[in-house]
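Okay, so here's the structure we're looking at.
Going in written order, the chains are labelled A, B, C, D and E, and every chain counts its residues from 1.
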Amino acid sequence: MLQAIADGILSGSIIALGAIGLTLTMGILRFANFAHAELVTWGAYMALGVLSLTGAFMGPLAPFSFGVPLLMATLVAMVATALLALAIDWLVYHPLRGRANHLTLVFGSFGVSLLVRMVILLLFGGAAQYYSNTLQIAMKVAPGLRIMPDQIFTLGLTAVIVVALHLFLQKTRLGLSMRALAENPELARVNGIDTRHVVRWTWIIGASLASIAGVLYGLTVQLRPEIGFHLLLPLFAAAILGGVGNVFGAVIGGLIVGLAESISVLFIPAGYKLAVPFMILLLVLYIRPTGIFAGTVGGGKS
Amino acid sequence: MTGFAAYLVFFLIVALTYSIVVMGLNIQWGYTGLFNAGVVGFFAIGAYGTAILVGPDRAHLIGGFGLPFPIAVLGGMALCALAALIVGLATLRLREEYLAIATFGIAISIQLVALNFESLTGGAQGLVGLPRPLFGLFDSPASYNLFYLGVVAVMAGLVYWALETAVRSPWGRLLKAVREDETAARSLGRNPARVRLEVFVLGCVLMGLAGGLYVGFIGYVSPLDFLPILTFQIWAMLIVGGSGNNRGAIVGAVGVWALWAMSGLAISRLLPVAYQSQGGAIQVILIGLLIVLTLIFRPRGLIGEAESVSKHAD
Amino acid sequence: QDCKIAVGSVLSITGSMAAIGSAIGDAGKLAIDHFNEAGGVNGCEVNYILRDDQGSPNVGVDAAKTLVEIEKVPVLLGAIQSGVSLPILTSVTVPAKVTQISCCSSAPSFTELAKEGGTEGYWFRTLPTDRPQAAVLATIAADKGYKKIAVIHVNSDYGVSLASRFRDDAEKLGIEITGVTPYNQEQASYRAEVNAALQAEPDALFLVAFPADGATVAREWISFGGSQNLILSNALRADEFVESVGAQYLENAYGIDNAQVEGDSVEAFDASWKEAKGSDPNGPGLHVMYDAAAVALLAMEQAGEANGTAIRDNIRKVTGGEGEAIYPGVEGFKKAKALIAEGKPIRYVGATGPITFDENGDVTGPYLIYGVKDGELATLDRWDKARVEAALEKLQ
Amino acid sequence: MSALLDVRDVVAGYKPDLPIIHGLSLTVAPQEMVTIIGPNGAGKSTLIKALAGVLTVSSGTVRLDGRDITNLPTHRMAEASMAYVPQVANVFTTLTINENLLVGASALSKAEAKTRIERGYEAFPDLKRYRDKKAGVLSGGQRQMLAVARALLTGPRLLMLDEPSAGLSPLMVSEVFERLKALVEDGVAILMVEQNAKAALAISHRTYVFAEGRNRIDGPSAALAEDPEVTSIYLGAGGRKR
Amino acid sequence: MSESLPPGDSATGPSIRSEGARRGRLEAAGVVKTFGANRAVDGVSFTAEAGRITGLIGPNGAGKTTLFNAIAGEYALDGGSVQLDGTEIGSLPPYRVFSHGLARTFQIPRPFAGMTVLENVMFVPERQAGERFWNSWIRPGTVAREERQNRERAREIIEFCGLSPVERQLAGSISGGQQKLVELARALMADPKVLLLDEPGAGVNPALLDTIVDRIVELNKRGLTFLIIEHNMDFIMSLCDHIVVMATGRVIAEGTPKEVIAQPQVIEAYLGGAVA
């Protein structure tokens, strides 16, 4: 049980990390971006590409399983993912934005997600890949409780990112512009906000977060062209549980999803595990149709 | 009848079956604005419901009632209605993306039940050897397919007529009003929750009907038939055809399915053998491109929303 | 050569089986290339048409229908998943009287369908059913002295039936099964399943999986301190799996596969694969796919005509029996063509060793026990038909 | 007096092939308050939107202080020292009052923004009371105040208002109008659309009367208020007793 | 502009119910609606007598719209009760309140943006047979007949509101003032016992407003009860029999128009120097 809880929290933190980027773009650009998952995958593969090009997986930074090269590769991946997001926005979302029906963008993202996933498949092949072939053996921290250092790292990183992002949204002008754009693009423009500029930054931040999530996922699990796609549901569940646009909410949502999955297996047949986050989601939405925390970008204050 | 004609018959059976699903979705999304992303779940309930009722008795399975096919399909539809009622009561308060994720989750859960509830659904193995209606009366599989195409076409035509008539009456206006502004509709004496539930159930029942027809044709169901990708395919059909228009729904179903099938054929013919194994990915890329390009250049789909709902308003 | 014969194949190139699908496709193509080099079938060049089913029955059925009706293939190779093969069989190949040979669909339902007459004899598969696999694995586990075994299996027809047979057999041999945990394919992580299975601290883990997901499960299992006594299903005999998990953790692992270890026929295949691909043919489905294609081609040659019914009726004439042994590769096929031309009986001994189809289209054959030695997949033991049957006998 | 805003033969609309404004010309001098009145659907809001860059001008020119600002991107209008308050949806309901004002001040330095916002609060004490509340909870009139307050933050030379008095209580109407008058005295030119024609004509210098996307009548407000044609068709009787 | 009233029609219910039968006494007693700590409506009691035009005025943020929402069922009451002709409607959802004969307009217009103006208005009548989907299959004749009558009436009301030129435009793409008129048109189409108008005049051209005043007077003569929020004092003064003044969630004055505007607290809170 203890192990299941620890595990749920830790795998929840990866979900949380992905969900932050999703909730942000969803809140500000006002559509459910189904292609967000592909940004996660893209980020993970870009880091792999950098690693294999530079050929380096130098000595890991104990006690973690990764070292400086992966951190550098992650930075490159963040840039590459942001570029991809900007390109997609320019080619697809921009022409679609401002259409009467904002779900047009959702459908556009269906299409984009198919495209990007298949391009990754063509570029990198379908087989599973890893950043490192050495297995990290979990440390026994208490009787019946084992934890991997990488997981602690993930948890810590998530916490740092959330706080930073929250401060960014609440305290900076760009953050305020993002929240204004989220509500009423035309009014934002009338008020002197260059919405294209804000949209660009939203993508850059969202995509960078996605790529970090992708790398961490690849680090603790594995790389395959479908990883993002299969993370999609937990990501959405987390974002919605927390209330769209609410970064703290996304983290809480991610943890709930992670915990629910890992604890549920102890009580119900594992075959139904996939349904558990949804049942929780349904329950929460039934009581609070806007998620646990009412969803507006930045969240927190009322 | 062989060759291309035989394939065409086969193709149309499948495409028209999907067109019924798309019409069901159209009534939900195109007219009422319900973002049902769990299409495949209701298709599955209709299919399994029919399969369990029509199937022969088997020792290790609970079902196997061996009922006549039409009754089994009706049973499958009734089951769908019940499921949609329950799902609808739980989720229809949610807006757009929220509803989408909730229904998506429900579809996954339905598929998991199909996968894990072995004694009822046959589990991962599925239900095998289901009788096909009136199969014995035909001397060749080809003529049987022709007959089945007739059945499916008549059903699709009936559904089209029924929906088109209903949608171009005040009922259609009611759906649109609920879609546009629920608060206003409520202040004008309508109960949007009831309207949405009604439409949701109706749409899902149509999906169930299509599921039943699918089972009758393939003679087999397994959880693999109901992967989430099918929901995406159905949505692509609706978008390409043009939501808010039943003709668009049919055109979209046939068109997208044709593209899907034809692109496979074209790729297997044109692509050098050494690259054949990339063909699948290219095919999916084509579908992705189709969706994106349609949205950009024909935002209302091939046919687009009918301008005025009620024919009486002209 | 100006005539052409098309052979169709429906496999999962994308979708959930993408990781293994395209290599399987290559194995089929290899057999056809070999045959073409040997002179083609009845003097005609064989054209291999591969279609993707994307892991979905609806796409697979449509692809199969195109192959049968438009490309006019007399024989269809595939699909991988039973859930795709079955609807193709019932709604495409049987009605059109086209022979279907699958490399990889292991569901018992095919046997049942065949017994009911539903396949009309058009169905064959070159991999053995799970019954003997489970028996052999359980027997070895008992010999090794494992007392408590946990089972984690992929939640598909393949996983479910192999896991449940293994459970029955192991329990008959006095082994305690501490839990049978299914996992759904392609999830973010299997930590929860692994933890659940770990609760009872079993001596060993029986893992029924495909290489990609299987590696994830195995890595998490080992990371969290699970026993390194692993029992592996046949689909895990793949370099990809060994590399992903790390060979050092697999020293105590053993698994089963349905190929003859040595013998000229197997070496013939391995060598020609290596020549074509530059690597060893380690991966699920390669040997069996090659054999599926080879059997189809030989039957066509034997029949002297390329139609489904003729192929169906001639498959048993070129396998089993008392004829002269034919091995994989160009030379083998040349020899076969010559013998057939002379009207002499042949007997295909394939990449998986001798093949015999029973009346339901199922194959029976010998097994190998694989493991990891010196960082590579290695063969630890072999079980011939007699030994397998003895084990089965004991479990009756 | 050379015009601050010089609009010449502007054609604009929502769809390219369906102009709503058919070649309209109008001027606003510095420190002048100009009113536009006209029936519902005459194209008043459409014109203002076109001037503010929300809609595309398909022909004609718009000059501000001699500079051609036709079809300048909306967000750069503020730089061109022009502010616009839309008729509907003119506050960010999910932001607090204070944040709404901050958005309006995004072109200013932080310190400058702060002092100007404080000045805004002095002018509209109601807003100060709610400064940390989401604007979504404000009443219709309170929103109107917020929108005007925000538009004034950047110290524009030309302020365009689409029905600033709609929904305001009589007390607030006179307050807002007083404030607009004071602004004009401080050097701001105002172009506003009003249906509260009586009050608008009373304080503005000149008035344009629109109908069907065209400029029907224009002239000094005082004169138009007396014009019988304008009165009967556009101003109404101002409420007959029953 | 047509000043005539839509003809009555027996099949869809007469557009104007026969006098006498029409009542519509709305009585609010101690109505409370709070948002968190904010008591937006804080114990409001008043009566809108049947057949009268009652005005509701007060400073911005006084709680007038909130009171409307509470009466119409949009908000659940936090205290007090609302009765329509003696029937408690305070706890009913909006669609039930409407069925009891109370219709309202929104201060910020809520047209069905994706429907034409005509459809917006035709939507209004309740209990249309065609709103049951099976009726279009089994009783197409009835549906068509009803629709014809419905359309005639809708057209007249649209013409009256000056919306004929945009009848076929989507209600989302007409001007702000026109959207307000669509609100009014829908309310008129509803033919209720009591009609709540939230600032019907704001944004409406004054000339058109005059004819709206006439219309309201005429409908009122036939027995329709009105409760009107409006800041246009000319409008209020010329129309209302009775005025209720609210400020900070409470009723601060009540009486005939003349009485009310003379009261110092009303002048201070609401009118300022702008007394008409």
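The working rule: contacts are C-beta pairs under 8 Å (C-beta built on N, C-alpha and C of every residue); 3 or more make two chains touch, one makes a residue touch a chain.
What you see is a predicted model, and the numbers here were worked out from it, not measured in a lab.
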item: Distance-maximising chain from chain E - centres being C-alpha averages; value: C
item: Centroid comparison with chain D (C-alpha atoms), farthest chain; value: C
item: Centre-of-Cα separation between chain C and chain A, whole angstrom; value: 38
item: Between chain B and chain A, distance of the C-alpha-averaged centres to the nearest whole Å; value: 31
item: Chain centre separation (chain A, chain E; CA means) in Å; value: 48
item: Numbers and ranges of chain D residues touching at least 2 other chains; value: none
item: Junction residues of chain E, two or more chains touched; value: 114
item: Per-residue multi-chain contacts in chain A, two or more chains; value: 118, 121, 269, 271, 274
item: Contact footprint of chain B on chain C as seen in their complex; value: 13-15, 18, 21-22, 25-26, 29, 48-52, 54-59, 61-63, 65-66, 69-70, 72, 81-84, 86-87, 90-91, 95-96, 107-109, 112-113, 116, 118, 155-161, 182, 184
item: Interface residues, chain B side, partner chain C - complex; value: 2-4, 6-7, 10-11, 14, 112, 115-116, 118, 123-126, 128-129, 141-142, 144-145, 217-220, 222-225, 227, 229-230, 260-261, 264-265, 268, 273, 276-281, 283-284
item: Chain B-touching residues of chain E, taken from the complex the two chains share; value: 72, 74, 93-95, 98-99, 103-104, 106, 110-116, 118-119, 122-124, 126, 128-137, 140, 143-144, 146-148, 150-151, 186, 190
item: Chain A - residues contacting chain D, complex; value: 173, 176-177, 179-180, 182-184, 186-195, 296-297, 301-302
item: Chain C residues within the chain A interface of the complex; value: 14, 16, 18-19, 21-22, 155, 181-184, 186-189, 191-193, 195-196, 198-199, 211-212, 215-216, 219, 222-225, 240, 243-246, 249
